[in-house]
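Read through the structure below, which is laid out as structure tokens, and then see the notes.
Chain lettering (A, B, C and D) follows the sequence in which the chains are written, and residue indices restart at 1 in each chain.
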Amino acid sequence: MILITGASSGLGAQIAQRYAQQGKSLLLSGRDQQRLQQVKDNCLGKAATHVTDLAEAKSVSTLFDALPQPPELIIHCAGSGYFGPLTEQQPQQIVALINNNLLSATLVLQQAVKRYQDQAVTVVVVMSTAAQVAKAGESSYCAVKWGVRGLVESLRLELKYKPMKLVAVYPGGMATEFWQTSGKDIDLSNFMSAAEAAQMLVDALQHSARGFVSDITINRTE
Amino acid sequence: MILITGASSGLGAQIAQRYAQQGKSLLLSGRDQQRLQQVKDNCLGKAATHVTDLAEAKSVSTLFDALPQPPELIIHCAGSGYFGPLTEQQPQQIVALINNNLLSATLVLQQAVKRYQDQAVTVVVVMSTAAQVAKAGESSYCAVKWGVRGLVESLRLELKYKPMKLVAVYPGGMATEFWQTSGKDIDLSNFMSAAEAAQMLVDALQHSARGFVSDITINRTE
Amino acid sequence: MILITGASSGLGAQIAQRYAQQGKSLLLSGRDQQRLQQVKDNCLGKAATHVTDLAEAKSVSTLFDALPQPPELIIHCAGSGYFGPLTEQQPQQIVALINNNLLSATLVLQQAVKRYQDQAVTVVVVMSTAAQVAKAGESSYCAVKWGVRGLVESLRLELKYKPMKLVAVYPGGMATEFWQTSGKDIDLSNFMSAAEAAQMLVDALQHSARGFVSDITINRTE
Amino acid sequence: MILITGASSGLGAQIAQRYAQQGKSLLLSGRDQQRLQQVKDNCLGKAATHVTDLAEAKSVSTLFDALPQPPELIIHCAGSGYFGPLTEQQPQQIVALINNNLLSATLVLQQAVKRYQDQAVTVVVVMSTAAQVAKAGESSYCAVKWGVRGLVESLRLELKYKPMKLVAVYPGGMATEFWQTSGKDIDLSNFMSAAEAAQMLVDALQHSARGFVSDITINRTE
């Protein structure tokens, strides 16, 4: 069983389809039931859906309650973008950005660790290259992504000697509808599709008897 | 004129007293009028106070409206601590932690940049060494502090070639009441006092004709 | 054609065997002809060998001259370890450590970029998790590995908009003879074998039409 | 007594003059006796000189032997620059760059730690902002500076609970003859003078009963 958040579009939806093709059972979480249903329809009968507001602790707990057993893999893709110079941004949308990225990741990781830290569960946290470098015109977005990274790196220390593993993923330069709604005008023709990034990510999530790929950055070729 | 946030206690209060002794006019912002008044009483008649909820955009704007002219210096000290393993933390207090640290810094910096980016105003953002490294038992705290750092580093790029300067300050190991209310049991006898850290910080904030100290980390000796 | 440095043992030797099994032609570089020959014997007739001193500019140039055509892939695995508190290390061995890690990487990357920067050549630089964090008892080793990382990250900026791609790989916790000769006493039973790490690395080196996996960290499970 | 390396010009020479004005006794180390003598002449009779090749272990040891007692402060300023795209650099000059920066810092820190780790000696290591970020056209320079940073951060862990303190200093954008001999054509009119940077650095090196400024970045205003 694999739990995927942010599964209703973009990278999350594409990852879901790949794992369905591998015959994995899926629980897909998203905010929009209609779009989740469309993704589910592409998942070969392997997926269930769960509408979740990841910025609400109770809603996150209910999502985890819906898992019939400990998942082998949790892929946290949920997130939203909001770009532009800080001076032109709206406080309410900054609050939404924080909730959709930092608060949601905190609540999802809290439930995952609380429930499964003593089991061999792998939690993949999909961030962005904006979690690794500073970017002009993306200051509030970098803020929330750096925040998630600080959370993940600290949780790794809390999980030392536990069987649970955290994998950090940093994609950059993907062309998803994420950008169309982001307020940033940008030529996407050289950007990776979400399908390309999903395929590379699923293939790069390697593990062996005593090791695993713990951090992956995916960039466009330019 | 110097604007200090988080001035009602700890490092902010100590910094206020040092600048008052230098004869600087101060506007002190905090959440508690009574405690702000006590700090003001130690400021030799140089300080005015302003009760502000820095997690409210309007309240932050009102604070900046209260400045009679562009300040030469803004020292953003406001913040709160909340510690312990993530699994034991309460969602409502995590939300408060995010508001008191990441959202407040975003709103304060937004006003500062919007109003003064074309003037020689220095904005000092006081974070923590928890913004630089991961720490077990401080995952949500590191998250918000890494977030503020991502914001500051990105804003620096947005301010390139502007006269406004951002100074990043990372204190570690200070013994303030901050810790007593943090839920973390810790021996503070070897920690710096807020007075010590404030004195070093004020002295280290150097600038010259063409340069300035842009980043300062302060640690305890151990 | 794939060029592999440090191919006479450990990760480099294992990577060579995997690519040989995929039917790739290989040029294997190492310092010891006898050990290179043993690796070659496991490469199904797909490998040629070249004895190279990577700390000598001329020797590195001769290695690249030996390539019959531009390689699709260069995997720079060469390196050596030397551990212990700095106070107990010998200056001559520190010099060797710098030569075997930082100087060799600089000379190899210089030739690779000079010759192939305008072609779709991928250069994989294998470092260590010691390039990402500080470690007590490994200060000189971290120094050279941080150095290689600074080189790679800066070269990426020099290669912007070029078809050549740099991939950074950071393995941690591998059990190779590298440790036996390193002067560090350590229980290796939970460490990954070089074979495990090589398999994960080869599988994680994904690319797509417009993107590629640019950074990979591999850790042991603990 | 203060030991200053790289004291024959630039930042090192300026720092020497400032401490001489404060009445401190100085031991000035550099490669050129004539230029060291000129600096000494500006040091109000407070300075002795010592010609040292910091890339030679014996020479470094002899320098430390010349100290009549443990110094309160060691300021390691020695270093050299060599810039331009990696493809255009000469291997022999890359070797010199490594020796003058990474090897010399390693040997100086080794002697300092070996001799004084159990005493309240402060060692200031002057690097560059090139130790903190990647820069196109400075790949080999960033390599050696990142290397020094990795060394310093790891040594800090080895010195945990020791009275010796390491201070990391990162100046950027200074106009010294360093640039004139660096092969990089650049307008220096907006750069800080070495005198400006030295004054800020000396003033920012604050300490208190239980704490100290451990990291300082100095940038030009632009």
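Methods note: a contact is a pair of C-beta atoms (placed from the backbone, for glycine too) under 8 Å apart; a residue touches a chain by one contact, two chains touch by 3 or more.
This structure is a prediction, so every number in the text was calculated from the model and none was measured.
Student: Looking only at residue numbers at the chain C/chain D interface, is the share used by both copies over half or under half? Answer same or different.
Tutor: Over half shared, hence same.
Student: Of all chains present, which has the mean Cα position farthest from that of chain D?
Tutor: A
Student: Chain A and chain B share one sequence, so how far apart are they rotationally when you fit their Cα atoms? Give it in degrees, rounded to a multiple of 5.
Tutor: 180
Student: What whole-number Å value describes the gap between the mean CA coordinates of chain A and chain C?
Tutor: So the centroids are 31 Å from each other.
Student: Indicate the whole-number Å distance between the mean C-alpha point of chain B and the mean C-alpha point of chain C.
Tutor: Spacing between the chain centres: roughly 44 Å.
Student: So which stretches of chain C touch two or more other chains?
Tutor: Each of 160 in chain C touches at least two other chains.
Student: Determine the shape of the graph in which chains are vertices and touching pairs are edges (line, ring, star, complete, other).
Tutor: Basically the chains close up into a ring.
Student: Name the touching chain pairs, would you?
Tutor: Applying the touch criterion to every chain pair yields A-B, A-C, B-D, C-D.
Student: Quick check on the complex: what are the chain A residues that touch chain C?
Tutor: 160-161, 163, 165, 170, 173, 190-193, 196-197, 199-200, 203-204, 206-222
Student: Hey, which residues of chain D end up touching chain C in the complex?
Tutor: 57, 85-87, 89, 91, 94-95, 98, 102-103, 106-107, 109-110, 113-114, 117, 130-131, 134-140, 142-151, 153-158, 160
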